[in-house]
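The following pair of complexes shares a single chain, subunit A, combined with subunit B in the former and subunit C in the latter.
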Partner chain A sequence: MNRAAAIARGLYIAVIYGFVLLPLVVIVFISVNQASTFPSRFEGLTGKWYQAILDHPEFLIAARTSATVALLAAIIAVVVAFLAGYALVRNKPRHGHVLETALMTPLLVPQIVISLAMLQFANIIGIGTDLAGLVAVHAVHVMPFALRLVLTGLARYNFALEEAALGLGASWWSTWRHVTIPILRPSIVAGFTFCFILSFVNLPISLFLTNPHTATLPIVMFAYMESRIDPMIAAIASVAVIVAALVTLLLEQTLRIRLVD
Partner chain B sequence: MRPTTVESTAGTFGRNTATTILLVPSLLLLVLFLGLPLVVVFLSSLQPNALLKFTGPALNNYVYLTTTGYYADVVIRTVRLAFVTTVLALPLGYALAYFLRGLSGRAGNLAIMGLTFPILAGPLIVIIGWMALLADGGPLLSPLIKLGLFSRLRLVGTETAVVITLVQFVLPFVVLTLYTSLRQIPDQVLEAASNLGASASQRFWNVTFPLSLHGVLSSTIIAFSLAASSYVSPYYLGGAAQLTLTTLIAQFTTATYNSELAAAAAILLLVLMIALLAVFTAVFRRFIRS
Partner chain C sequence: MPTLNLDRVTKRFQNTVVVDDLSLAVENGEFVCLLGPSGCGKTTTLRIIAGFESVDTGHVRLDGADITRTPPQRRDIGFVFQQYALFPHLTVAENVGFGLKMRRQPRGVIDEAVSKALNMVRLDQLGERYPRQLSGGQQQRVALARSLAIRPHLLLLDEPLSNLDAQLRDEMRDEIRRIQRDTGITAIFVTHDQSEALALADRVAVMASGRILQMDDPSSIYEAPQTRFVGSFIGQSNILKGTVKTSARGQVEMMTAGGQIVVGCGRDLAVGSSAAALFKKERVILTRSRPSQQVNVFRCEVEDLTYLGHTISYRCGIPQGTIDALVPNHPSFERFSRNDKIFVHWSSDDCQVFPE
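Entry: the complex of A and B
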């Protein structure tokens, strides 16, 4: 009976993981398959679809734009989230939970609504679809993820260490630099990485906010996919999948970050 | 009770001032790039436009979207898709989180990483895989047809396809939330239940499940709001025949250039989502108490 239950449990876990991960496996399969249309059966290994990406400089330019937007958005999100999280946990202000909930609201607002709102707002104040507006909405969207990770880190942080440093004559600034930030580094690094990736792969937030000069990688992929979906798009997607996988593994290995707790 | 505060030793500024200064950047970001833009959209949704002539501000755009058959269907479809997705994802995710709960350190971490991959890869990339999988003559459909289970079967362009991809999209979020909630139940509590003679199913229904209800509530909210706000799944697998509020917003904005109706659809989606979740939360809380 126990044995049967264990087998059933293992089978269930395998089926659900299969369901969740299957689309990613299929993308990698298509990207290394000879066949030029999909769905198709296996016709042999090839790297030609990855090579084909190089003939489309627009994807490489867009990847660089995405990296710039994601980098700036992640830095802004982590800095403001760290300051806010620190104040919320350290000083426990009145209505602290209300403020925390308020800072989490970007998660509840549909991303396409954020995009539309920023488009109409930008038209009024006249900043149009330049990079600054794009960075700002990406930062707002990813900030809750940074705040979550910072709050988790701060929950285990011992503030008495700061009092010790200050008591020994350290200034506020050097206490932060030599005590607070080094101890909280894992949450900060994890927050930054998550924010960067979530911004990099995001489509709906940017949907109405790009022009040909500020098109991000998902936007250029989206535009390309309007006319056709081919193995080259799968190859680009595979690169994203592999990078995301490597980054997560690296975080787990080097920082021993617990993704959930 | 702490005898001394840091501020009194540092003596530069008070606790309240420090708190305010630290919170200003995040709140400013929130107000400037989410709050104000949403106010602008709300005001724009009350204005007349190319399609509807009236003297604004008035609610005519909302009346139009909720009473015209075609658009009312879009609203109902959005809610139905989010509802069905939530109802399917919750038990599937609960069972998985329950099984993963017992995994120790490294194995647990790997299991969690497996669930974060699709989140980090992003919905646009995941949907490319789904389009290949669910396509006519694709690896999922052609075996079923060959076996004679169906004579003709088409998934792309149907609500079924949208639901399949939405369930896959929200499952990792549901499992991660429930896993955290289940891990917070101390092992001693479960051991105590067993020692007092509870059977496995008694232990689950009388101890584990009630203690995880908070996680069930959070994951329901997450699943429903993610499904209702999803753009990529209904766009690629539902298409023009299965418009939802998100794809309708895009259509108004980029195809028919009616920014007032786009604004009304956006506010409608936001308000509808928040109202439904508020009602659900209230009912759920009452249910827990009784």
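Entry: the complex of A and C
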């Protein structure tokens, strides 16, 4: 690559990263600024907006609800995606591509529509929009992301390894435990992380499906912002971003040690 | 009692018969090669023995026990894969010890068996490495050690040398032979490479279309093929076609298209029927003066020659076509040039006549 092309390429990457990351920098800036409105000039460093979160237990409760929903939805999504992806790749069913597309369809329906539809459905069959319903809809929505990652992992997976394990005397269960799952762990963990974060931050799906007891963090933030906007919201957002970034980094580091070749 | 016995095994994939009513008996301590072109069913046969494929009809017996329906994890058969199939997330030692770990052997027993197996394949120092840190040849040695560590009743090898470069292939071939002799294990080796099969096997089973055409020791397979397919598949053969003129007591006279008589050996054939005479290229003798023999002597012209180093390959034109001769590159053999008018001869004992 010549010099001009290298510079252009670097610039291009910088612009993209800037576009994605600068808004986050702005949020963090607001959250540590003295000014009580935004946008505003820098008026001095403060931690008071973070402290203010502690005076609003509804955010902490909502954060716990979100984490619970995200955790359960991610677990369900990854299990379903793993089993579906494994069957699709290993058994190559005759209309496998149709099945695969069908499994990806939750991506195509607008989330607000899913939310409304689920509300109607729950009313018709007479169940409440409690946590279980919320988890189920979140799981359906995030599952395609896990499936994509599992399919990518399986594309490089050598099924002869399972025959090798069986031939050496491993049961089917042992083969899964000692061979299949450890080798596909990067895809599984990446899929889980993805699903967790997507569920954690999701607003439109939760919109019609939460009640005061099951309000998720984005719902509570949304409600708060409808009445007023102050830097505490930025502080909450900053915490969420930092925690997500740390978790992602940690997972990457622990996985890279042994599993990326 | 043979160690392994396949009894009239048939396997279909959809409507294709891949293994066709195949029977095979392998004696204790024997090294058998299944040799054939791709798609002849040799790998499927091996996978049936391992239990990775089920059979449609027939029986598989190991040490007298019917294992036709036994799942692979309960067969105690070692299998070496073409692509090695080492567990990428486990070290070499963990790979080799995997089978014993699955058998819930105590730690000490596993460690001892692992070091013994690694010693056998001469990889003592590499136990802590990961497969991706090893060369192809080393990976294949680990795969071999892993399959031997469980002390299997039978060792199956599915084209284990085909991913190695030429020099390493010969080295590994000798290594596999040495280990098989040292351990005395019964082994079945699948290959499409005839030199591998001839070099390794006590007996070679030549396969085509899901059947075993001939199973014999290497020299019989090479020098006394029982079918036209085996004759043309093994080694480099000249083939002349014609019709049977006389046939008695294992000697066949065949009239070729050029009107000349070729004499060979073979089962008695009907006079007038179509036949093909096969003889190996290195059994053809080229001389400048007419040889003293009475049969299979023809005038010819050197049409082309190729210098191969250890041999020289001549292409000679005779009225009924061309005959190729591989002549050792040695002063005791005459050298010829293109367009030389010479004589070609081969012994009727080296010439097999098969119905066409």
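In this text, the second predicted complex is superposed on the first by the 240 of 261 C-alpha atoms of A that agree within 3 Å, B and C clash if a C-alpha of one lies under 4 Å from a C-alpha of the other, contacts with A are read in each partner's own complex, and residues count from 1 in each chain.
Heads up, the rule we're going with is that a contact is a pair of C-beta atoms (placed from the backbone, for glycine too) under 8 Å apart; a residue touches a chain by one contact, two chains touch by 3 or more.
Everything numeric here is computed off the predicted structure, so don't read it as measured data.
By the touch criterion defined above, A:Gly126 reaches neither subunit B nor subunit C. In the superposition on chain A, contact of A:Ile183 is made with subunit C only, not with subunit B. Touch criterion not met for A:Pro57: it reaches neither subunit B nor subunit C. By the touch criterion defined above, A:Gly44 lies against neither subunit B nor subunit C after alignment on the C-alpha atoms of chain A. In the superposition on chain A, A:Asn158 contacts subunit C only, with no contact to subunit B.
In the superposition on chain A, A:Pro23 makes contact with subunit B only, not with subunit C. Contacts of A:Leu249 after superposition: subunit B is touched, whereas subunit C is not reached. In the superposition on chain A, contact is made by A:Gly167 with both subunit B and subunit C. Counting residues of subunit A touched by each partner, subunit B versus subunit C, the larger count belongs to B. Counting contacts as defined above, subunit A residues 163, 166-167, 172, 258-259, 261 meet subunit B in one complex and subunit C in the other. By the touch rule above, subunit B contacts subunit A in their complex via residues 4, 6, 9-10, 12, 15-16, 18-19, 22-23, 25-27, 29-30, 32-34, 36-38, 40-41, 44, 92, 95-96, 99-100, 109, 112-133, 135, 137-139, 168, 171-172, 176, 179-180, 183, 225, 228-229, 231-232, 246, 249-250, 253-254, 259, 262-263, 266, 269-270, 273-274.
Contact residues of subunit C toward subunit A in the complex are 50-52, 71-79, 81, 83, 85-89, 98-99, 102-103, 132, 146-147, 150. For subunit A in complex with subunit C, the touching residues are 158, 160-161, 163-172, 174, 178-179, 182-183, 258-259, 261. Those residues of subunit A that touch subunit B in the complex are listed here as 9, 12-13, 16-17, 19-27, 30, 38-39, 76, 79-81, 83-84, 86-88, 91, 93, 99, 102-103, 105-114, 116-121, 124, 136-137, 139-140, 143, 147, 159, 162-163, 166-167, 172, 194, 197-198, 200-204, 207-208, 218, 221-222, 225, 229, 233-234, 237, 240-241, 244-245, 247-249, 252, 258-261.
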